[in-house]
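One chain, subunit A, links the two complexes that follow: it is found with subunit B in the first and with subunit C in the second.
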Partner chain A sequence: MMPIVPTTLVRITRVYLLTALAYLVLTLALSILAAASGTSLLPALDANLFWYIGVLGWVSLPVMGAFYQFFPTLQGEDLHAEKLTFLQYGLINLGILGILGSLLIGNRNGLGLFTTIYALGAFLLAFILLGRNTIPSKVTLSIRFFMAAVVYLLAGVTILTLNNLGLASLGRPVVSHLLLIGWAVMAVFGAQYIMLPMLQLKTLAWESLAKVQFFVANLGVIGLAWGFVRGGTPFIAGGGAVVFLACVLFVAVIWRSVTTGPSRLPKLDISVKFFLAGDAHLVLVSLLGIVVALLSINLSTVHMHLALIGVLTNVIIGAMYHILPFLVWWETYAGKVGLEQVPLLKELFNESFANFSFYAWNISLWVMIAGFLFAQYYVVAIAGVVELILAAILLGQMLNLVARRKSGSTSNQPKGGAMNLNASGGN
Partner chain B sequence: MTDKAVKTVRIDVTPLSPPKPMEEVLKHLDKLGDDEVLEVTNDLPFIHLLPKLGEMGFDHKLEQLAEKSFLLRLWRRGTRNSEEGTGSTR
Partner chain C sequence: MATREEVITKLKELVDPHTGINVWEMGMVKDLEVEDNRVSLTFEMTSNFCPIGMQLGVALKRKLAELPLDQVDIKIGNYLRASELESVLKTS
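Right after this comes the complex of A and B.
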């Protein structure tokens, strides 16, 4: 019998997820300042600040980190070109921090330069994933979604770079939709098709429909992007309607998968809970997008916050509650399989707090939405403070989890529910 | 339970791509009797399944046989089926 040796591919994923949480804290802090500035308590902040940190940092980094885990795992390979991932991580973060600094001092040249650096990081990501870690014969449905997502990331950051260098003026909406729907939501589709059955111990239902949904989603993203670039309202509304259809099909597949077949776990996995909340918001956000396109009512802010927090934050936090504990579990305990008792995955984090935070995130989101709808910005700021506290606690918990990964031993394991990976008998 | 012969159910999920190996294991676990042990071979070490098995009420033993060859043995918690069974294959 050979010892089980943990792989090294997990390193960059862990770094990406923790950095992303730091950007979430920063995004929320900036958002609170922005909301407070609406009450004239503070000088108005450049609204671009939290768009950049939120979209390029909080949303994009977990996707990048997760892709470094998903691509090799789903194809049964080790991560190739791992050294390049650290350079890629460096470019992305240099880009984000440089953009932040440039916006704070109002330097347009700096904004163009650092957006270019971020774009270089995105292209390096594409090279590592598509050029070095994709095997055509092993491309599954989820990997197809991920490949499409990477292409939309490149499109989005290219347009953003051209805009910021003054070489094009294609506007922010096309970039937002390419990055949030094309890049992030396509990643969500692919990730949930593989993660949700795995986490809830179910089988993916209506797989053929999921394959159709891939094409519908791409058609919608392309239609939307064309609408924002040149096509105008008919294409925006039409593309939005196709995206809405893709979201409905996706939710149907996910819901069917969760509700059919044997229930092998006593309750919903905490990550699945967050995913389902994100999926419900996804349908709402895509429907609201059509309303915003067709009617002249200003719900763009509500649309954006529901997308960033309702959809993406729910899904990303849900994914983090699996990926980070899993990576720590694998790195710490894989070599101990068969030698000593190791804890259950859910014993690596505070499940009670995770459940509490699920409700706190979603209630505070809707309080925030109410604040926007009724122009009560102090309510928005209060909800933002709640979310900032939740994000800071989550960051602290995950840092603590990662810090103790190498010190895992049976002496500090929980007594109850410990799993013997090499049990020689019952219990 | 020690008086009874333990049956071994063997499956090989190596040719399948994720998530099919897990689905195949789960399908067989649903049908696994108290006097049976499920033996699964794969080229990957079942890393996403392992942390969930305790929650499902199964004990297990994982061995790496070669660089890309893993053997996972599973049985219902509370039974004493850890040793080799009679080798029947479902």
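Right after this comes the complex of A and C.
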């Protein structure tokens, strides 16, 4: 029998994505409480609570998990130092849970300690990815985006740690923008440049423009960060304008890539739908950021929710609908290719629900935005409940998917469209 | 003796798990030659980092091994691990 060559099973990615979904459910639950009580949680409960879970948990964990798959795969390698990744996962989650506990009981020392632990996890991530899983000669454009993202993560958590230890007072905005634009959105740029063409069976168009966009995006992030630290409004608005330009260039490259060449797929891949919605919100969010900086109008809440849900949640859920089914397929069925029937990736999850949730997420987001704009917080809460339900169902589906991996059963696989590779004549 | 049509029919049985389209219709098989019970072809991945490239390559050879062929030569194209996969296909 001909062997299937094993490549590293990136177990850590699966664990990261599932944990992230749990944080999403928690973030939404806390946000609903906040909305229902007016503008923030009970006074004793710091409103920062859902910022920490949302940014450090829901947004950051999927990026970390995905990087453990992207770095080796894009360089044609197996993941090195896999054991360290579990230590890194432990540090990150200990940090988040400790931060939450500290905020709940109002313990500043605990907040500093557990932010330091989170930062250690971030530095370990950087060591694993940049020190053990990067081969200079194989660094592609996407990997370059990912490397930059890791640097911004380190910058963001370092400032956050110094702030929480009382050693600096650089404020939250610089941390938020380093983590959301520098860390998460740079990851989004890099990931979509490879995932979108792959998923739609296209090639990346205007690759030279994408390379220029890398430098524009970095210039924007650095300018913005400097503006929040010392430069003031001119740098914030200027950096924001450059970030906006980077987002427009990015969307131009993505749009060109999707619309150029023959369409070999009958419709948009579900992940791509989520990506494109996230990209549209990205342009809007970056434009709104400039408006907020220049006009000093109080749209920060709208800006933040459009970024967290409109951009990042759309993109992360889109990525999850590919990565998690793929990992389960890989772990469960890749070794059986040629030996028995194996299902298609899209047969591992409920595609109809995925399509429904795409519209439900985005409609509820805009209902939420309307609630913020008109100060109708019960509307925000209702939209939040819808999103909480969607997130809980998604978590349930993904847990069910992973449970299927454990069973390894193929008895209930659909018959249509499956690979039928009986190895009757292996060399 | 296997004909070109039989080879293509066999290739069509191998379906990409992401798209649901078989590798022949996806255009992944290039330079197919069937002559004197020998088959040679280039198997080209749709992306050079294809995460299941190894499995698809092995499955492709399995499919062809179901035909009464004397020799199967598979070159791998557009794949970061092409030489590794070609080596596996030659030695297995």
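Operating definition for what follows: the second predicted complex is superposed on the first by the 402 of 427 C-alpha atoms of A that agree within 3 Å, B and C clash if a C-alpha of one lies under 4 Å from a C-alpha of the other, contacts with A are read in each partner's own complex, and residues count from 1 in each chain.
Everything below uses one rule, namely that a residue touches a chain if its C-beta (ideal position, glycine included) is under 8 Å from a C-beta of that chain, and two chains touch if they have at least 3 such contacts.
A quick note: this is a predicted structure, and the numbers were derived from the prediction, not measured.
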Review point. First (subunit B), second (subunit C), both or neither: which does A:Leu74 touch?
Key: both
Practice item. Look at A:Pro197 in the shared chain and tell me whether it touches subunit B only, subunit C only, both, or neither; answer first, second, both or neither. Key: both
Review point. Touching A:Ala241 in the superposition: subunit B (first), subunit C (second), both, neither?
Key: neither
Practice item. Report for A:Leu344: first if it touches subunit B alone, second if subunit C alone, otherwise both or neither. Key: both
Point to revise | Which of subunit B and subunit C A:Arg264 touches, first, second, both or neither | key: both
**Study point:** Which superposed partner A:Leu21 touches (first subunit B, second subunit C, both, neither)
**Key:** neither
**Study point:** Partner chain in contact with A:Val311 - subunit B first, subunit C second, else both or neither
**Key:** neither
Check your understanding: Of the residues on subunit A, which ones does subunit B touch that subunit C also touches?
Key -> 2-4, 73-76, 138, 194, 197-198, 201, 264-265, 326, 329-330, 334, 337-338, 344-346, 417, 419-427
**Study point:** For the subunit A and subunit C complex, residues of the former touching the latter
**Key:** 2-5, 7, 73-76, 138, 194, 197-199, 201, 264-265, 326, 329-330, 333-334, 337-338, 342-346, 417-427
Study note, to complete from the structure: As the complex stands, subunit C meets subunit A at residues 13-15, 17-21, 26, 46-49, 51-52, 54-56, 58-59, 61-63, 65-67, 79-81, 84-85, 88, 92
Review point. Given the complex with subunit B, which residues does subunit A contribute to the contact?
Key: 1-4, 73-76, 138, 140, 194, 197-198, 201, 203-204, 262, 264-266, 326, 329-330, 334, 337-338, 344-346, 417, 419-427
Check your understanding: subunit A touches which residues of subunit B in the complex?
Key -> 17-19, 22-23, 26, 30, 43-45, 47-48, 50-56, 59-67, 77-80, 82
